[in-house]
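Okay, so subunit A shows up in both of these, paired with subunit B first and subunit C after.
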Partner chain A sequence: MSAFFEALEQKFGAQIQAPSAEREDEIYVVVGDPDIRALAEYLRSEFEARLVTVFGEDRRSVERVFFNYYVFERKGDTRYLIVRASVRADHPEFPSLSAELPAVNWQEREIQDWFGLKAVGHPNPRKVALHDNWPDVHPLRKDFLLETVLPPFQGERHIYRPALGEGVFQVPVGPVHAGTIEPGHFNFAVAGEPILYLQLRMFYTHKGTEKLFEKLPIPKAVFLAESISGDSSFSHGTAFCQAIERAVQMEVPLRALIMRTILLELERICNHVADIGAIATDVGFVVANAHASRLKEMLVTLNENLTGNRLLRGMICVGGVRRGWNAVQLGLLRATVDAFAADFQDLVTLIDSSESTRDRLEQTGVLLPEKAKDLGIVGVAGRASGIDLDVRRDHPYAAYGRYSFRIPVYQVGDVNHRMQVRVDEVNESLGILRNAAEDSQHGEFRAQIPPIPPDRCAVSAVEGWRGEIIHWIRTGPNNHLERCKIKDPSLNNWPALVEAVQGNIIADFPVINKSFNLSYSGTDR
Partner chain B sequence: MTGLIAKAGLQLVLVLLVAPLLGGIIKTLKARLQTRRGPNILQSYRDIFKLFRKGMVIPETASWIFSATPYVVFVTAALVGLMIPMTATDAPLSLFGGVLAVVYLLALGRFFLALGGLDAGSSFGGLGSSREMTLSAIAEPAMMLAIFTVALAASSTNLSEMAKVAVSQSWKFLAPSQMLAFAALFIVLIAETGRIPVDNPATHLELTMIHEAMILEYSGPYLALIEYGASIKQLVLMTLVVNTFFPFGLSSDWTVRGLGVGLLFYFTKMLLLACLIVLVETTNAKLRLFRVPELLMVSFIFGALALISTFLF
Partner chain C sequence: MFKIIQKTIRTGIVTKAYPAELAHVSEHFRGRPHFDFEKWTDARPAAEVCPTGAISLRDSHDSREVTVDYGLCVFCGLCAEASSDKAVRITQEFELATKNRRNLVLTAEYTLNADHTHRQLGTVRPGSGNVETDVKIVGQKAHETIRKVLGRSLAIREVDAGSCNGCEVEIVALNNPIHDIERFGIQFVASPRHADMLLVTGPVTRNMELALLKTYRAMPEPKVVVAVGACGISGGIFGKNYASLGGVDNVLPVDVYIPGCPPRPQALLHGILLAVGRLGEKLYHERGG
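Showing the complex of A and B:
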């Protein structure tokens, strides 16, 4: 790592202030009033670093500036490099990276909306996280009180780009949809059946979650973390608790780490098998969904037996997990895993042998690897399009270092391969579960939490079933947080949908959308 | 005259009573194959009853076409119900060339349905109408060809005449022309009743719908009329298939005994056809929309071959 800093110092000289490593795998580089563009480009070209996330922080009360954080990672390196760039309070502007890195398009605009810092040079600087009719407020600034009651919204609504041409129509869908899903607006420009262009509008369920974190005592904030995205409650809860544990540098008992691993994998296969069924439903092959639902029910029943909650809520806590398992529960886990494995194979065979289903899935909604790379796609969708990322391997956490598993990566990027990634991952997860169930289940499952000192920062990453979940925290006084940044994989992946649907027929949109199955709540926060 | 009215009244009651039941049976059979319990077999009646008592929301942009459509759809379907032999060989009504009137009355209903979808002014209705018209442009001639095959054998387009000839002769289902015509008509049946692999009647995804997209803006009694009309159309088409190709059990008169035997055979045949439809629906995924015309072309070719083979064999 020292060679790396020397290279950085040589190249950028005085701009680079002393690197600090609070923990071995988390390195902070502080830059003054920098050209972050050059630095990002250098990291990208010389070190093949990937920009994981960008976020802001209001530190005016202490350090008289805003900070923007750029989290980088490198293939084969378990450490995160976090570049902290200050943004002057009297000149609230920062250089935008979106033109070169479309992956941070929405994230930079979130900083604009939430902190009132202008992204200079952003190709599309319109509002994203707060809708156009919001008054001129910046909720994540410290001087915006959570209790503020805003006046009724009267500003102009969002204006979609018009689609012009003979026989070109715009089909608006949503934000209220049929079925029990969350709100999002899809504006299709179609020429007959084929889709020319899709405009997305998210953030209808923006709840100010990151602001809420600053108001809750840490033990209660765990429950908030669990509700960021309902289908990933255990992953988000784990990411949050890990961040606190890293900030106070505490050891979590091995038994708790193994239990977390088991529960994370149960959440993964539970959602994967439900998605496989849902994809089959969307092409009208309902029998497969009937079986998938039955399999999912096996798992949520097991979840309830293991944690008292079908969706694994209330199990995670800072320092470990809330309760241990006895021999009966472990026996149930092993038995369910075995029964599930056999039935899951039948389900896969059923879908494989249905040619009419495969015909619908193959070559539908193709996301090309180069597009996926540009957009910074993560998780299942990324791995189906050649993006070989998995936090479990790249930045091991919980007990993943103890088990071996394969990470499926395909280059095709169609609906079929997004489903295949899920099938492969379920099989790998079953292997992890079998090994973890035999692993040590003795000793403490929850460690005492030491007093939490203020002003500690920590980043934490979890591979949720959908992809990479990042939490970054700064602790505050009195067991509270100063700042909590949440990045759900859906935030990266929504723009991929725009690319994947182009040229497909509008009747295939639902199945393409389902193959990504992104979270509205996790995106909107 | 009274005889005619009695016959028409009797058949009308039969059509109106059985049509929703048939939909319920198909739903229940499908659910059982998916290891679900499914809705009660009488649920379709309850739905129609419920809709008739509800209020309506009519789009501001809608013209008289929007309001006329439910009546046209329902009346054409019911009329066709009187024109086909169900339990007895002679149907109560025979107008304007028999089977030709059947095909074009159904087409009239569909035409108004497509207009109603466009008239509501929503983008989904337009999508549904354009899809429906694309498909029916092939489905209709395929249906005509298949029916002409049978009409040629009977030397008449009058459905009652056709049924009488069919009953009197020894069963000729294995004749190539009959088999091909049956295959053609079965595919048309799947398409016209909006079933998998052509359309998915159970979906909530507006973007994939055909029939459902056209009626998305309808509510209350109008929706009830359209849904009722659609279920009658399904009954009529299924009846046409079973009684044209499997005419046994059709009684030659309207006596009580004849009707009883006729009903028994009729229900058995319809149940078997429903099972066949359910099997096709359960074992197949929906076709990609632009491949549906290919399926209908297959039906068209079957129909054409059936017609040619009547002259060859």
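Showing the complex of A and C:
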């Protein structure tokens, strides 16, 4: 650790204040009058550090400045390095990193929208989180009230870039889609069948979640965390509770950590098997989906038996989990895992034996590894394109340190590989579940929470089934939060969809989109 | 092809006969919290922990009005855990859909002891002055027409007006072989122009209001609107804020409300069949809260 900071100090000297390590794996560095661009470039080139997320905070009332946080990690190091740069209230500008690091394009624009800070040098500084017809407000500023009633919209929601040329058409799709999915707008520029260019417009489901986190007492905010992205309730809930537990530096009982691991893996398998079925549907193999959705139903029925809710809600809490499991429940867990495993193998064989299905999936929606790296793609989509990241191994949490599992990484980055990653992960998860089920019978499942002091910061990461979920919090007085930053993996991965569809025919868009299956609500919050 | 047929035959029929038969529900499932108002000695602990304000209190110096709103409830079970007098019990009931928002609300009046615990129960009545739709009962269509026109074959257009996607997960499950909604002649359609029913999840965001209204207007008459989940009914944990308009009935006339977070597939089915007159309501407040 020290070599790393000595190198930083040597290079940047007085600009960097001494790192404070509240927890061993979370190190804060404060930059005075920063050139964050030089620092980010240095961390990237010298240490191959990856910029995990960028977000802002309004600290004007206490420290008279805004803060921007840059969270870095590097391969083989379980620590997060968090660089905090202040932005003057009377000069609300910060240097943009997006030209060099396209991965933070949307996140920097979010800081512009939420806090009214200008990202200087941003290649595309238009609004992203607030649509263009919103009044001039910055909802995450402390002087903006959650309950504010805004005036009606005025003007265009968004002007899309024109796509010109003989025979070139623009096809607008959404926000209400043909299927039962979340809302977002896709603007395709097509020349005949092939897609030339896709423009996305998200944030239709923005419902003030991060602002609302600042208003709810922490025990109630757990339920809000469960509603960030409905299919990842337990992952987001865990990320949130972990953040609080880290902030107060409390121990969570081992039994609870094992139970969390089990539920996190159940959530992963549930969604993976549903996606495998949905991908099959989108290329016309409906029988496979019937089996996949039957298998999913088997798991959500188990979820209900283990947690009282089919989507695992109402189980996670700060300090552990809310209920233990008896022998009957654990028996059901083991039996369901065994029954599922055999049936899942049949499903995979069924899909593998269908050549027409494989033909539609291979070389469709290719995301090249180098593009994936530039765009900072995480999770399933990243691992299908050579990006070897997995929070479970890189920053172990819950009880993942106790179990061995393989992390599948593929290189082609087509729909087929995104499906293959899911198939492999399901099999690995079944192994984790079998081992963990033997471990989770005895002991406490919930620890007493000590009083939560104000002004504690903590970062928390969970490998949700889509990929890396990050929560960052600052505690406030009276069991409340000052700030809660949510980064769903979808936020990183939408630009990957734009890349992957280019050159494909528009009829393949549904299956390409499904192979990413990103969360709109997790993105929009 | 042989493999496909072999697997199909080996799997057999998995569809469940709900509602003809009772739904199989786990004993651990958290359905409607039941309030034994007679026995309830103090509503404050439950109201204090309720994450969405589904249990709310209005105290004057020696009396208390307790309002329970199943339209806000996320079925977390904290109220039962917090009430040491065991007056709140979690049941496995999930068929809570209703045509009248009032039916999701119960109001109990108590006189209070000096320490603000309950002295005596006064009246328990459905509805409350606090629920907006109490005053504007909207969307009540001629039931007979709806049943005649839509009661046999129904086309549903689903709109996510801002949900977390939890309700969508369960709506999609209606199409799986276990719940198989098509056995009722009901199908989900891609265009509002083909739809008889608008199934809406919420909260309705500011950004989705226009799209929701346009979808509604594109549907032919007669049409029904069903609000799904705590957020669709009332805004749920999100409520109303700068970006959220709350429940669907703040934007559209709603015919049926389906509580849940999210409602399980059978609860959705019950609500959908209720909306077209093929099933009746289960009025729990007539069964004593």
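One rule holds for everything that comes next: the second predicted complex is superposed on the first by the 522 of 525 C-alpha atoms of A that agree within 3 Å, B and C clash if a C-alpha of one lies under 4 Å from a C-alpha of the other, contacts with A are read in each partner's own complex, and residues count from 1 in each chain.
Basically, contacts are C-beta pairs under 8 Å (C-beta built on N, C-alpha and C of every residue); 3 or more make two chains touch, one makes a residue touch a chain.
All of these numbers come straight from a predicted model, not from anything done at the bench.
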First (subunit B), second (subunit C), both or neither touched by A:Ser229: second
Partner chain(s) touched by A:Phe169 [first = subunit B, second = subunit C, both, neither]: first
Which of subunit B and subunit C A:Ala178 touches, first, second, both or neither: both
Subunit B versus subunit C as contact partner of A:Val287, first or second or both or neither: both
Which partner, subunit B or subunit C, touches more subunit A residues: C
Contacts of A:Ala7 with subunit B and subunit C, given as first, second, both or neither: neither
Subunit B versus subunit C as contact partner of A:Val120, first or second or both or neither: neither
Partner chain(s) touched by A:Ala507 [first = subunit B, second = subunit C, both, neither]: first
Residues of subunit A contacting subunit B in one complex and subunit C in the other: 178-179, 287, 290-291, 294
Residue ranges of subunit C touching subunit A (in the complex, touch as defined): 3-4, 7-8, 11, 14, 25-26, 28-30, 49, 51-52, 74-77, 158-173, 175-178, 188, 190-192, 203, 205-208, 210-211, 215, 231, 236-238, 240-244, 261-262, 264
Subunit C partner contacts - residues on subunit A that touch it in the complex: 131, 137, 139, 144-150, 153, 175-176, 178-183, 203-209, 211-212, 216, 219-220, 222-224, 227-231, 233, 287, 290-291, 293-294, 296-297, 300-301, 304-311, 313-314, 329, 346, 349-350, 353, 519-521
Residues of subunit B defined as touching subunit A within the complex: 30, 33-36, 123-124, 126-127, 130, 196-197, 200, 202-208, 282-291
Subunit B contact footprint on subunit A (complex, rising order): 169-173, 178-179, 192-193, 280, 282-287, 289-291, 294, 354, 356-357, 359-360, 505-510
